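The following pair of complexes shares a single chain, subunit A, combined with subunit B in the former and subunit C in the latter.
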Partner chain A sequence: MEGTKLAYDLQQVSFAYEPEHPVLSDVTLSITSGSWVSLVGANGSGKSTLAKLLGGLLAVNAGKIIVEGTPLLRETASLIMPRIGMVFQNPDNQFIGATVEEDIAFGLEGQCLPRVEMVSRVQQYAEKLGIQHLLSKHPSELSGGQKQRVAVAAILAMEPAIIIFDEASSMLDEQARGELLHILRDMRSNGDYTMVSITHDAEEIMASDRVIVLRDGTVAADVDPDTLFSDDALLNSCRLIAPYHIRLIQELERRGIKVPPFPNADKEVEGTLWPLLFNK
Partner chain B sequence: MRNKLLFGRSIDTGSWVHSVDPRAKLTGMVLYLIALLVVNSWVALGLATVFSLAYMVSTRIPLKYYAKAAKPLWVLMVFIFVVQSLSIKQGTVLWHIGSWELYSGGLSSGLIAALRMTLLVSFTAILTFTTTPGLLNQGLSGVLKPLRKVGISAERLTLMMGIALRFIPTILDETHKIMKAQAARGADMKELPWKEKGRLLVSLLVPVTVGAFRRAEELVLSMESRGYIVGAPRSEYHLLSWSKRDTGFILSYVMLVAIIVYLRFI
Partner chain C sequence: MAITFQQVSFAYDAKNLWRHGALEDIDLKINEGEFVAIAGASGSGKSTLLQHLNGILMPTTGKVQVFDVIMSAGEKTPKLTELRRRVGLVFQFPEHQLFEDTVEKDLCFGPLNFGSSKVEAKEQASKALSMVGLDDSFLERNPFHLSGGQMRKVAIATVLAMDPDVIVLDEPTATLDPQSRAELAELLYRLRRDQGKTVIVVTHRMEEMLPYVDQWIVMQDGRKTFQGSAAELTREALKLEASGLALPSCISYWNQIATRFGLEMEEPCLTVEALAERLERVLQVHDTAEGGGG
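Our next item is the complex of A and B:
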């Protein structure tokens, strides 16, 4: 039954900050444990609100959110919240401790872990994310990418089952974004985490298992990344642009050159294009 | 920018002063403050200087860092010196301009006042130089624990302080950015008369305050998602343990106070 276990089961979830302006209406979806889901949509489509609902930071107005079989309610929140970690957009505003080490320890202190356990987890997860040499640094001495690594380490150290990335890569430069993506891929391949990432980044969407497109507070599409990127209308509606290699393949196909379907990255496209050159 | 901001930055050299219990350091600093407030003679000042230098040297942090810590306050030092030396009229008149007269007693006590202020500022930098903010916070929380009896939670106070300290550089950075943005639109602080500068400061204060609130909101979300619940029990990452050396550390300060008080009232 392991494969069918649900991390999230949302039933007709609605939410509004003010009753006259509903942000989410009747969202019904489920997310299986261990999968990586991208949540996309234009600005104002309600994806950040949905992330906060999934993270237990907001309560639904109507409907139900069931997390790993337990309904998320005020009474159960203290049980469920430790299972969920969130990484936010601004690396500066989620750095609580005065040093990297203290920041990672902050969540662990809240879990009332004994000191020995905290020290070993700080070491373990710092190593995992390659930030051991930064442990004693103040946030002002770190780059945006390094701070975001710390944020991920701080969340992973709490050992949650579900991790929500709320536009975690949107304030990073290209290289740091690539590094973060690498970390996400690693986490996915372990299968230990259920990941929900809200993102505009095409590479990140491509790397995930499934895409949920939100439009005006409802689910507009629930597809796999390849389908999303081959559907121009859908892409347009969530204001996304396909990654370069996909656009290249589409352009080639338009000109009658058949490329084997769905290579995953630029390198693979290169690999399929070379032979074509020699066949001429 | 970052290098200028020595306030609240710890410098790790691994000296024995670094490993003194932060509670002892905090208590020591309060005692030091008392001692310096009582200093009013050259002998006492000399003694305090020797004491301070001895501690500064044993932290193995270059003395120039201590000098740098006191430097931003030089206007205050000059002010203290001028006010003190002009208001005390003892000894012989050294010189006078109009109705202003400078007495030898005034000059001497003015110098003492300014020097002890310098000493105070540079010496208390030991506290922040040798203690990481987290440890300092925990020490503070330990020292403030008795406040619980009057219904004030020391943990909450120190968490607030810790976050305030953590965000000072971030918000300063943001302030600089807004100042540059305003300068780019022609409102350059440096070239304006004082009155205009004041007005511009207000227009700087609004975006900085709004920005700080926005940060605060996001920080709250982040803390909540990391399981922070106000008043809930927490374990502590840094373990504080009191040793004989810490008692000795405090005793050295008690002696300093005793000797300086003795010198003052004999």
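Our next item is the complex of A and C:
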């Protein structure tokens, strides 16, 4: 069927670093092209390991990973890997160049692109992520949020179809986290990317299309974000906490105060509680 | 007074002509048994400040006093062994702090170094591990085969195992799942309440620490721009936000509701329970007033 192409098709995937401590067992799932999937779970549930398998950084012990219709194997890895980009947790460990410009160009050099094409890609993606003014800067001159922005630009410049974010926002301050979320939203609405995000961040999960919950190395649930955050038992099992405005609405409802639904519920009181409080 | 900073400045490149100060003119007092949180954007000097607390860094100008140890710019470095037992530091990257091949050896390293017997050290190891919510089955594991979050918990436990008087944590909750983060905040609060520990924590997630913290310090560009209680922080929210600090939802919710209903002079309700309870009362008053009037 056209329009339901799969970016990933995982069949009974298992993995262990040490045989006596299996990390993933029998994981079967598929991810549609162009969708944004959050991968959540408690510490030690296997999220980062799954991310590394999806990114081709680790090989399965058993089972199969099929990327855009091609099985991910030693022989096919060189074809598949350019289709996948990864953004990691610590912005400082992802910098290679002495300037932002060099850093974005590094991956393109690896792809052996002609110089003209490289220059134009650097410009194009710097513009897209609003970092043109940073191109000549040394990484030490950048804030954490700016560094993650550069890391995303460097990945996007290689024009992958699939991007994996492995807790990319977890080390950022409040402000920078907001900026990264904005970028993810833009990428989603543009529709060119399949995004897999390993995250504990409630707002980031809310913004995605679908949540896969891992528990002890298996898929415990596969739901949409609203379902996840209204299911206390499920939230507890993956050790998540709902965003503040959702918890507040739940607490008010426990006290018999009905909060009318409002489309723009978020950080601002006006959004969530306007009908209840401000029309009084 | 456990800790005082007097006009402390620090520059990593102090002798350079283009000197760039990481800390500028910091005055600070922290009492024994206080829970202090430090907020501020990345690069604002938070980690540099922490590293003055047990003599990893010495001030370029000014004076730092921690218990009876005085570290003054230009003077000979005092003996730091005892200070380093009393002030335990958990760094930002747990993997940098672990080095043994089992969790137990890592946990015993500190206590053994500071004179505990083998039996005592093992006891302290197991106790510290249970404090961070990991059971004894982790003792034999290789710390480098644990997940990022578990590694961080072990790193925190290695410091707790030394039973320090002051526990200093640099952004301890990044990489932990949200419930583990809430549990850690609670653990720190209990250590302060039940054992009188002084707790100093750098955090990007202010909401988690808000219910427990006695004093907030806000850093910006190497300077201290705020020191005070959560209530004072809430009242100064607009000013702090204008200077680039992102504040958590619970503060902006309270401030908007306080403005709407004239509650500015009250103690802010910063948890969902407290806020819901307060809103319930506000709405009852309103409904009664409306009923009476019309």
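Odds and ends about this structure:
Going forward, the second predicted complex is superposed on the first by the 257 of 280 C-alpha atoms of A that agree within 3 Å, B and C clash if a C-alpha of one lies under 4 Å from a C-alpha of the other, contacts with A are read in each partner's own complex, and residues count from 1 in each chain.
Simple rule for what comes next: a residue touches a chain if its C-beta (ideal position, glycine included) is under 8 Å from a C-beta of that chain, and two chains touch if they have at least 3 such contacts.
Everything quoted here is computed from the prediction, not taken from an experiment.
When both complexes are superposed on subunit A, subunit B and subunit C occupy overlapping space and clash. In the superposition on chain A, A:18 makes contact with subunit C only, while subunit B stays out of contact range. Within the superposed three-chain model, A:27 lies out of touch with both subunit B and subunit C [touch as defined at top]. Shared-chain residue A:170: touches subunit C; no touch with subunit B.
Within the superposed three-chain model, A:138 lies in touch with subunit B and out of touch with subunit C [touch as defined at top].
Applying the stated contact rule after C-alpha superposition, one finds that A:252 touches subunit C and leaves subunit B untouched.
Judged by the touch definition given at the top, the superposed model places A:162 against neither subunit B nor subunit C.
Within the superposed three-chain model, A:112 lies in touch with subunit B and out of touch with subunit C [touch as defined at top]. Contacts of A:239 after superposition on the shared chain: subunit C is touched, whereas subunit B is not. Once the two complexes are overlaid on the shared chain, A:184 sits clear of subunit B and of subunit C alike.
The clashing stretch of subunit B relative to subunit C, chosen from 22-30, 40-48, 112-120 or 184-192, is 184-192 in the chain A superposition. Judged by the document's definition of touching, subunit A residues 90 lie at the interface with subunit B and also at the interface with subunit C. Here subunit A touches subunit C in the complex through residues 17-18, 21, 41-45, 48, 89-90, 143-145, 167, 170-178, 200, 202, 236, 238-241, 243-245, 247-248, 250-252, 254-255, 257, 267-270, 273, 276-278, 280, going by the rule given at the top. Subunit C contributes residues 41-43, 93, 141, 145-150, 153, 171, 174-180, 182, 204-207, 244-250, 252-253, 256-257, 260-261, 272-273, 275-277, 279-280, 283, 286, 290 to its touches with subunit A in the complex. If you check the complex, the residues on subunit A that touch subunit B are 52, 55-57, 78, 81-82, 84-86, 88, 90, 92-99, 101-102, 105-115, 118-119, 136, 138-141, 154-155, 158.
Here subunit B touches subunit A in the complex through residues 2, 9, 12, 132-134, 137, 162-163, 165-166, 169-170, 173, 215, 218-219, 221-229, 232-237, 239, going by the rule given at the top.
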